[in-house]
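For reference, chains read A, B, C and D in written order, and residue numbers begin at 1 within each chain.
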Amino acid sequence: MKIVKLPKEKLAEFLSCLRAFGEIHAPTKRGEKSHVFAPLKEPAGIELDYTRTILPLKKYFLPPMETMFNFQAEKGYETPAEESDKKYIIFGVHPCDIHSLKILDLVFGGKYVDGHYFSRRSKAAIIGLDCIPDEFCFCRSTGTDFVDDGFDLFLSDIEDSYLVRVGTSLGDDMVKAADTLFQEVTVQDREKYKKKSIQRGQSFQSEIQLQDLPEIMDLEYESQIWQELGEECLGCGTCSMVCPTCYCYAVFDELNLDAASGQRIRRWDSCLFKDYALVAGGHNFRAQRSSRVKNRYFHKQRGFVSQYGRPSCVGCGRCKEYCPAGVDIIEVVNKLRSETRV
Amino acid sequence: MHKSIVINRVPRVEGHGGITVNMKDGKVSQVNMDIYEGPRFFESLVVGKTYDQVTPILMRICAICSAVHTVTSLMAVENALGIKVSHQTRLLRDLLIQGGNIESHALHVFCLALPDFLNYPSVVDMARDHAQEVCTGLEIKKLGNTIQEVIGGRAVHPVNAVIGGFGKLPAPEELLRLKEQLTKGLEQSWAAVELIAQLEIPDFCISPNIYAALLPNGSGFSLLGEEIILSTGEKRNIRQYQQICQEKVVPHSHAKQSWCNDKPFMVGALARVALNGDKLVGEAKKARDKLGLNSPSKNILENNVAQALELIYSMERSLEIIDELLDTGIKPEPSAPVKIRAGSGVGAAEAPRGTLYHSYSFDEEGRLTKADVITPTAQNLANIEKDLRQAVENLMDEPTESLKRKLEMVVRAYDPCISCSVHLLELKR
Amino acid sequence: MYEPQNTLQGPSLYQPYPARIIRTLPQIPDHQLFQVRFEQEDMVKSFTYRPGQFLMLSVLGTGEAPFSISSSPTRPGVIELCVRQIGRVTKALFNLPPNALVGIRGPYGNGFPLEQLRGNNLLLVAGGLGMAPLRSLLWYALDNRAKFKDVILMYGGRNPDEMLFKYELLNLIDRADVKCLLTVDNDPEGIWKARIGVVTKLFDHVEIDPENTFAAVCGPSVMFKFVLEKLLQRNFSKDRILMSLERNMQCGVGKCGHCMIGYKYTCLDGPIFTYWDAINLPEMI
Amino acid sequence: MDKPKVGIYGLTGCAGDQLVILNCEDELLDLVGSLDIKSFSMAASGADDQCQLDIAFVEGTVVQPDEEKLLKDIRQRAKLLVAIGTCAVWGGVTAMKNEVDPKKFIEQVYGPAGKVFEVIPPQPLSSFVKVDLSLPGCPIEKEQLLRGVASLLHGDLPKLPNYAVCTECKMAEYPCILVEKGLPCLGPITVAGCGARCPSYGLTCNGCRGPVDDINVASEINILKEKGFTWVDIQNRLRTFAAPAPPLNLQTLEEAKNA
């Protein structure tokens, strides 16, 4: 893999060169402590030492609410004219979020390819950035703290510079377009990089034990723990919204006032919602909140493994940080484990 | 000759009110403005609530005036707890209530009163022949709502105005957009003024009024002030509002009436223009001259004319506020801090329909012990009855249907807000 | 025999194709058979499916819902859907004027494993609306009669007025190439000429060789329970019992998540599951 | 198709929901064009109070026997009855102290000999008649109203969100008021539809839309307790807009607190 070096003081200049490749979206501040990915107006607004954004990257490719079709009486459903071909660059994406995109690619690809997702996906370049974990991160234990692919460029902080890994030919073009800003990587740089990597590896405070987890999920399907969790959980759906690999959605038609035309919309949904598994006639396959919370964990750690050969949790820590009730995935898993051991 | 006239429900006013007129020996023996709206006991609902919960509840007294209820309520809380707000906050609050004034007046002038003057049962019927005017009216109304949305966070029951300041401050781009719309709105309001200047205002209800309004804080016309003035020359601090509004319970109504020294009085646009009209400047002054509101009017139907004039004033004032905010730049300031203590306070502001008072007392835990809210419509009720009597006396020979319609016009001229007036019934006597 | 399936896929996977309801045939209270035909001629010809598959039907402005295809691919041109009116979409469907435009996409789901069924006896057991997917398999088998050994249909309704496809099925009674056993739970008016009693009683009237038979079961969950008992008593192996499951579906193609049961998607891995699959799924019924 | 006959009525309330209808300035003329409005006293004279209606929109709560009568009459005449606003759906602010008999309030004001108004504790419409559709909100949301009307014109009942304000809050990526600011937000138990309006201004959701289905009030109480609120304040906060809703019943809350 091609690796180059970008001195930090050149970052602003690099960002302005990048504008030729599309609109730049980068972590910016929202509220007192939170961050979001948003269009970058000026380089100074960028917040590179963020830990996580409220919403992950899925918002770009599977927007919270999207018009899939317009419809009109006697015409039927028609895909709206292609939104602009505008390209964009998402700058400063952490490894866990890059992994989550790889997972969503699996879901939206396969035998049935979701063109809505992939057409947006193809318009966005991903520039990764390494990070320092906080108390909520556990991506090391999910194996998603590092990425080999899934980015166009990936920046690693080595004190006064970034080590830049070039992942795609587009990434290479970006580097070339700002040729004068980049330098060769020296032996010292490599040493610094390794040192930083080790430091980073040691700074994780949380971990989840994935080994045998699918099996434990099966064993503990009837565990009392789910009941207790159901009593804590508010069913508010926050965890699903902020989760980078929760992809469920609902589809419905929305009418204009003429009652003859309108839009077919898809909107994020969550298995935590009461109506999620409701079928006509009123039967609800998951009427209890406890069975709904269980479903979320079961799907991430058990169902997804059967379907795609890996769990879908990437250890970003969002669900834990944002849950108003303080439900903590690691605690849940540990409890399940201890039940099994007893 | 009529024996009695009963209008069960006056349409095109907010809330449920009726009119009963009884005659005896060819003379009017009794005129009642009956209020059927269900009582909601607002003042007792808030007893025991913490200081921060009072405003969100009491703004729900009325939807049309929710912005000014909110601001007045916040001022009363702040007054009681000794909280000082910044100049920027005061400006934004002023802007918020100007938005409310624009919305309310546009709704009333174009959708409720104009159909009266032009002889249509509703604005929808009027739209058939006067589409242009109706669209203009709706656009102006929408502008009032837009201001309330941008500053207050919602057109009805604002959420963004809180104790000590605002949840989120408007962005300069938002203010610039408002400015653009207001510039257009001002032009459109002139069209309304032209239209109304041409109307012949019927004269079946001429009768002298005592007017009351707040004395503007500064040199100009304003909807905010610390003192109450009357056309009788009397003057009081707002903390003494009860000396002006002496409340009476009347048996035919769910609302209490306000009397001042045993005389009914009038509050609202007409009163403001009568008392403070000389303070108008700029376009508003021109409009005043054009509309012939240079001297206190005795014709209550001219209240609608005064409302049209105030549309111009509110647009101009909004522009002025926005310019000041843009000039100095919006300062990202947090809400003023709150120190809980026992205390009492009064807030007052000119609502679209007249002076509004909120008065609260809190205990040392910041819980409300007593609330008193006096709405403009409650103050006007006695005056409405006075004017109805005048109209009936002038129109004795009129056929019933037409008489009824004219009595409705009198009531509508006040733009009464009935659910507002029936918030009350305090626990203590 | 089984033609390779070609699921429609236009500019968007989810785009419904315009189709018309060319006829509606009232069946029993709240149930109608809708005959639907694509607007585009080439699609009328090319659209094919497996018995047991379903499609997503859109009523413009109301929404989309999954329905089993009740007709057989051996009779192309018109697609038949047997629908019960129960909620928003189905109500809107019932209220459509004649010849109304609807949207269709599909077919989706696995359908019955025809390759495996070939050369075996078929035992179709249906109750109520469960006849909808089984009717497709029934006619498929009858139209490809040589490919199957005995074909047995057991169908039960609550009473004679609540038998779906009543006349069509009554006509089968006299046919030699199919054993058609019909029953009603009760017959208050005394007009029913066939059997009376629950479906499971029909098992007393047939000899079944479980080694060489596949059973396809579809109906309300109480019926499921009793039929399964019977089949297991008769030594059916669990993977020779096929059933069609129902879940909430928003996409039909394994994306929206709603129909997931444990680690299977009803829309991709089903809706036809073997009994063995099904007992391994949490929250199966 | 004939235009559906529509009546718009206000019982006791602030008229905010009727005002929202009038606030649809851009759509108002289309709206009145596609409906045959038989009664809308706030906006028009000449109501027809006898005719059969396709849809009746009713705002406000029932606090007087006359209103109960009117409501039942409207129900009789209307094919569909739509409750608009939190007052109609849940009782609204007026109902927050409905455990106190309003006759007491009245007696205290007028004395036993005075005129006695007949007043009943404020109740949602559904306590008296069947409600076909409930549009909550204090006031209702314009967008939801227009979409709802479109659906009704189409012959369907609209699908309304049945999830919490939190969901909309996170979809719009607002920082969490509970988690980030530690303020007592009611987002987790309030039904969505407002686009998380208050959190978007950095303020707590006060629950003006009423509870979402299947709320976990015990967990919300726990959260508020942890933030240091007294039991009285927690009850006050929870019971501001929808006190008559079963999950916010005083007794239910008491049980939830001890759970």
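Assorted remarks:
The rule is short, and it goes like this: contacts are C-beta pairs under 8 Å (C-beta built on N, C-alpha and C of every residue); 3 or more make two chains touch, one makes a residue touch a chain.
Every value quoted in this text rests on a predicted model; they were computed, and no experiment measured them.
Between the interfaces B-D and A-C, more contacting C-beta pairs are found at B-D. Remark: subunit B and subunit D have CA centroids separated by 25 Å (rounded to whole angstrom).
Centres computed as Cα averages put subunit A at a distance of 39 Å from subunit C.
Mean C-alpha position of subunit A lies 51 Å from that of subunit B. Once the centre of each chain is set as its mean CA position, subunit C and subunit D turn out to be 44 Å apart. For subunit C, the set of residues touching two or more other chains reads 61-63. In subunit A, the positions touching at least two other chains are 252, 255, 259-260, 262.
Residue positions 151, 154, 159, 202 of subunit D each touch two or more of the other chains. Applying the touch definition to all chain combinations yields A-C, A-D, B-D, C-D. Interface of subunit B with subunit D (complex): residues 9, 11-16, 36-42, 44-45, 48-50, 53, 56-57, 60-64, 66, 107, 111-112, 121-125, 127, 134-135, 138-139, 141-142, 145, 153-157, 159-160, 162, 166-168, 249, 251, 254, 408, 419, 425-429.
On the subunit C side of its complex with subunit D, the touching residues are 61-63, 88, 91-92, 95.
Residues of subunit D touching subunit B in their complex: 10-20, 22-23, 25-26, 28-29, 32, 37, 40-47, 60-61, 63-64, 66-67, 92-94, 96-97, 102, 105-106, 108-110, 114-115, 117, 119, 122, 138-139, 197-198, 200-203, 206, 208, 232-233, 236-237, 240. The touching residues of subunit C, counted against subunit A in their complex, run 7, 9-18, 58, 60-65, 86-87, 90, 101, 103, 246-248, 250-251, 253-258, 260-265, 268, 282-283. Of all the residues in subunit D, the ones that touch subunit C in their complex are 151, 154-157, 159.
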